[in-house]
Structure formats: C-alpha cells, structure tokens
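First chain written, first letter: the chains are A, B and C, and each begins at residue 1.
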Amino acid sequence: MGALATSRDAPATGRAAAAGGFVAGMRQSLFVAAKDLRAEIRTKEAINASLAFAVVILLLFSFAFDPSEDQLRVLSGGLLWIVFAFAGTLVLNRSFARELPNDCLDALVAAPVPCSALFLGKALANFVLVLAVELVSLLVFGIFYNVRWYLQFWPLLLVLVLGTWGLTVIGTIFSALTVNIRLRELMLPLLVYPMLIPALMAAMQLSTQLVNGQPLSADVAVWLKMLVGFDVIYTALSLVLVDTVLVG
Amino acid sequence: MREKVIYALGVAAALLLARNLYSIFMVLPDEASQGMIYRIIFFHVPAAITAMLGAFVAAFASIMFLVTKNFRYDSVAVSVTEVGLAFLAANLVTGSIWGRIIWGIWWTWDARLTSALVCWLLYAGYLMLRHAIEEPTARARIAAVFNIFAFADVPIVIFSIKWWRTQHPQPVFWGGGSIDPAMKSTAVLNLVALMLLAAVLVLIRLRQEEVQREIDSLRRYAHAVV
Amino acid sequence: MTAVAAEGVWKFYGDFPALRDIVLETEAGSCLALIGRNGAGKTTLLRILAGFNRPGRGRVSIFGKEPRDTATRARIGFIGHGISVYDELSAFENLCLFGRLYNLADPAKAALEWLARTGLERVKDGLVREFSRGMRQRLAVARAFLHGPSVLLLDEPFTALDDRAIAMLQTLLRDALATGCTIVMSTHQLREALELATHVALLNRGRVVFHGERTAEMAADPGYVYARYGEG
C-alpha cells in the first residue's frame, strides 16, 4: 500500500484500533471531551451565559413566592431543577453547534472514532460544564435563600450526578439531532423538556428532602431507581442511535 | 382502488358512529351516580386507546424506516402520529369536560391527565421537529430517531407519574369495576367506530404525504434543470 | 489494485435522485478529477466516498472495505469546504487532537512535522481564530495529511486558496501520488486539477457522463472535456 513518507504510524493505527477497540474508544472520548472543555474554558461563551441565566432565575424566584422557610421546604428541589434544566440547555445548545463554524463535525466523523465514542466525549464535556453551573447555582441558592443544602452533601451530589447525566444525555443527543436545523436554539428546549420530565420529577423529589437537610426516606429513595433506570435506558439508546444521527 | 377503500371505510365509520350515537343518547339510561355526563366515556376511553395504538404503529414504522429506508414507513409514521395526536387531544378535552362536571374543575394534576399531557407534548415535538427540516431524507431519518426516543419515554412517563400521584377513577371497563353489559358493548362498538375513523384519516393523510413528497422531488428536478 | 470504488451508487433527497447509478473505479496511485457544474453531485459523491453519508442504494468501498469501517477511515484524508479545525484551539493543539483521534504513535511529533511542512511552525501556538485566511487553509491541509492517508478525497481543494497555498498543495499532492497515494478531487479549477489528474470523470445531473484517462488534449485545453462530452 502506498502511504506518505511521514506516515509510518499508519499501519500501527489499524492494529491498535482493532486490538483495544473499547479502550481506544474511551481514550478518544476523553480527547473529545478535553477538546470541548478547553475550547469552552477559552471562550466561556456557554458557561458565562448559563451561570448568569441561573443567577437571574434564582433572583426572580424571590418575587414569585414568599421566600420563607416553610415555602422553601416544599419548593426547593423543584426550584433548583428548574434552574438546572433552563441553565443547562444553554450549555447543551452549544454542544454540537460548536462543531458547525468550520465544518469541524466532518473532521470528527471522518476520524477513525466510533460515533458512540464521539457522543460519549461530548456528553462528558457537557456533563462537567452543567454540573459546574449547578454547583455554583447551589451555592448562590444557599446564600440567597438561607438554605443549608450541604448537610446532606454526598447524597445530594449523587442525585445531582444522576439527574445531570440524564439531562446531558438527552440534551447531547438532541443537540446532535438538531444541529443542522434552522431554529435550532428554539427547538432544543421544546424537545428536551417533555422527554426529561420523568428524570426531572425524580430529581426534584429527591432534592427537596436532601436540600432541607433530611436524609432520604425509603418512599422517596425509590426515585433513585427511577433516575438510574432513566439514565441507563437513554444512554444505551443514544449510543445505539447516534451513528444514524451523525452519518446520514 | 385506494380511493374506494377510503370511501368504504368512511361510510362504515359514519354508519357505525350514527348507530352508536343513537344507542348512547336514546337507548342507554343515565348512570346511577354521574347522571348524564358519564356518556362522555364512550368517546374518552376509545380515543385514548386509539391514540396509544397510534404511538405503537408510529414507533414500529419509524424503526422500519431506519432499517429499510423505505419512505412509505416514514409517511405512515407521520400520518399515524398526527391522527393519534388529534385523538389524544380529544381524550384530553373530553376528560376535562367530564372533570368540570364531576370534580368541578377543568384540570387537575392527576397521574393520567399529566401523563397524557406529557405524551401529547412529546409527539407535538415530533411534528415540530419534522416541520423544521427541509430535506425529506434527513427529515425522515431524524424524525424516526426522535420517535424512538419519544416512544421509549411513554412507559417511563406513565409509570413515574403513577408513582407520583393518582386521583383518576380506576378504569371502569377493564379495571375490575362492575359495568352493565349493554354499556360495555356500546363502548366496544364505539372503539371500533373511532378506530375506523382514525384509519380513514390516516389513509387520507398518507396520500397527502406521498403527493407532498412527489411535489418536492418535482421541484428539485425543476431546480436541477435550470 | 482498486483503491476507491463506487458500485451503482444512488443518493436520494426524498424521491429525487441526486446521484444516479454512479459507477467509478480508481486504481491505487492514480488521481481522479471529478468535474461538472455546481449541483452535478460532486460534493454528494465525495461525501459518500468519505463515509459522511450513506448511499441510498449501491455501495462504495475503499480498498474493498466499507468507508465507515474504523480501520478504513484511518486511511482516508478529507478536505471539504470548511477548514475543519477549531478556532478556539491553537494550530498545534488542533493537529495534536486529530493525531490522537487517529491513534498516531506520537501525535506531537507528527503535528510539529506537518506544521513545518506547511510553513506554520512559527505560529504553532497561535489560536486559529487569529490566523489569516491563507494560514487557515494551510492548516486544513496539514490536518488532512497528518495521519498519512493512502486515499485523499478533496472537495474543491484549490478554491479559496492563495497562490502560495495552491503551490504548496500541488507539491504535496504530487509527492503523495509519487508515493502511491490515491487522490479523488472535485474541482472547478480545471487547469490546476488536470495537471495532476491521471483520470477524469464528468458528472452531469447526478450521472457519470464520461469517465476515462486524462488525455493530452485535456491538459492542453481545460475546456476540452466539457466541449467534447457535453454539458447537456
């Protein structure tokens, strides 16, 4: 076979890919994720907008209801996840849109990386960004509304991780689905929120208890299963279908 | 040929509906506790079942499109979803009217109502997504993927909301409740009538969809010639 | 040995066939110029050959394998309309990223080597956003060659290039051909393309209306193919 003089690596490529397909795929996912995070940290276009949006919604809540302790006990989980979902969409909207300007998506799809690995990488980057926005929002929420959310920190973090993964998986695959569509930015929330309702509902139920410093009661803990189930089903479905989405 | 099938089915649906309406309003007595308004259930429940069946057919057609790339399946998916959405809307509206009379409120965040509304929004999203994509092949592919996601969400939505709260009356027909056989047979007959109606609407929509695709390809030919 | 082959490829937009029964075969080490008007289907065909889209009917193969096959993709280099590098990353970071995605043994070394070959080593840490148009184009070329592809699929590679980049690309392509690389390129710049091409295929409304060796007449008169085999 003919290859350029500089490309002694090329034959090795085939072997490496064949040998450790899964490991190679995971590594490539991490490269894609690192690329997205680096680009985002440089421009901060999504994360700044998302954070500012989160703070504005948190502020608006204070006018929507009387921010007393009783009210917050009931509402806090719901409020938080509304903030997370709204602010998260701003990050997710950018995810595949970021690949558009120079036809970068072509280069990614052309690379010897399975589409599922690309998807996983982009979802991972989104997950980190959305989770960061959520943690900052939580901090601001605690200060604004005098809520001691840190009393149940680890269980709360678990709920955040599971809920955010659901949000990012759906958001990332739909970001890929809508990447070439006019009105992309309007479309994504319309598609994402109805689909997310089960996950958001579960996360809201769980967070309300935890944010108020109570340990999870047994009847609420079943929502953890629901959240895990949602994440597993949609992660699997996305990994299977992403190739159909990206390669027409 | 297809024209004749549509007419025949349409006539059958109309006759059966007329017969059922006569039976519902003239023959069957008022129900003991609800009175007159219970009759809405003869439309409320069959509409829900028809819509549900539509979701199944649409999911099947979407998967088949991705496997075969045959546009007929895409046309089936969109036709069935549109008609199903209309039936689900009928279900929501009749339920709301019933709730206003019996519960005194138009809407309540009960499990069934909420899940029906969420499903309605999901499939409305499917139609909006289709609307936003110009090119038929990409549209069919993207919409099929979305349809599979939406269909997977339906049971999750229903079960999760059921855990959350239930205030809807237990199903009268298959939920073990006691029911007059005459009412049951009328309900079944009306289910058949509504399904026939749905089939007619789907067939008409299907033809529109195919004509639409032909027009689109002719337009592309015209642009290619210029 | 056949490097790039299309066997009865159709591509549909709805019912409209954008490509109709395309049959092409390119021997390893040859250079095929795809010519034809805008909208003739050149880009669509190249994207299918590169594995970005699947054909509606028929099949394409690169060295006898599916283009979506992971190992096959490592052998393809593609230049499309966009430069396919990230504005927010530096030139070096961009090449390193793609080097890693292509599983190169030493991505940094390959990146530096190609930065040197495209005359970008001085600005290797500059963000692509700040690059001039010509520099961006050269970086795009470096990205496509980075992993040492044995098949190059180029969509209008000379369009929007400045003189220096055209000269550079021509040299690179000539070297590639000399080492046995196969090239398929679509182009409007007939003069540049026909100098390199060993074969020519003329597309018209999604059909191949001529496919054969590039003859001396074609090189002498770029309009020859159009005049001889018609535009319809």
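In this section, a contact is a pair of C-beta atoms (placed from the backbone, for glycine too) under 8 Å apart; a residue touches a chain by one contact, two chains touch by 3 or more.
As the structure is a computational prediction, the values presented were derived from the model and not from experiment.
S.K.: Chain with the smallest distance from its CA centroid to the overall CA centroid?
M.R.: Here the chain at the core of the arrangement is A.
S.K.: More C-beta contacts across B-C or across A-C?
M.R.: Looking at B-C and A-C side by side, A-C shows more C-beta contacts.
S.K.: If you average the CA atoms of subunit A and of subunit B, how far apart do the two points sit, in angstrom?
M.R.: A distance of 33 Å separates the two centres.
S.K.: So the centre of each chain is just the mean of its C-alpha atoms; given that, what is the distance between subunit B and subunit C in Å?
M.R.: Computed value for the inter-centroid distance: 49 Å.
S.K.: Once you find the CA centre of subunit A and the CA centre of subunit C, what distance in Å lies between them?
M.R.: Comparing mean C-alpha positions, subunit C is 35 Å from subunit A.
S.K.: Considering subunit A alone, which of its residues make contact with at least two other chains?
M.R.: Subunit A, residues with two or more chain partners: 248.
S.K.: Name the residues of subunit B that each touch 2 or more other chains.
M.R.: 137
S.K.: Once bound in the complex, which stretches of subunit B touch subunit C?
M.R.: So the residues of subunit B in touch with subunit C come to 69, 71, 135-137, 213-214, 216-217, 220-221, 223-224.
S.K.: Hey, which residues of subunit A end up touching subunit C in the complex?
M.R.: Result: residues 1-10, 12-14, 16-18, 21, 24, 27-28, 31-32, 35, 38-39, 42-43, 101-104, 106-114, 247-248 of subunit A touch subunit C.
S.K.: Under the touch definition given earlier, write down the residues of subunit C that touch subunit A in their complex.
M.R.: Residues in contact with subunit A: 28-29, 50-54, 63, 68, 70-71, 73-76, 78, 80-89, 93, 97-98, 100-106, 110, 113-114, 117, 127, 143, 145, 147-150, 175-176, 179-182.
S.K.: Which residues of subunit C touch subunit B in their complex?
M.R.: Residue positions touching the partner: 12-16, 39, 56, 205-206.
S.K.: Under the definition above, what is the set of subunit B residues touching subunit A in their complex?
M.R.: For subunit B paired with subunit A, touching residues are 66, 118, 121-122, 125, 128-129, 132-133, 137-138, 141-142, 145-146, 148-150, 152-153, 156-157, 160-161, 163-164.
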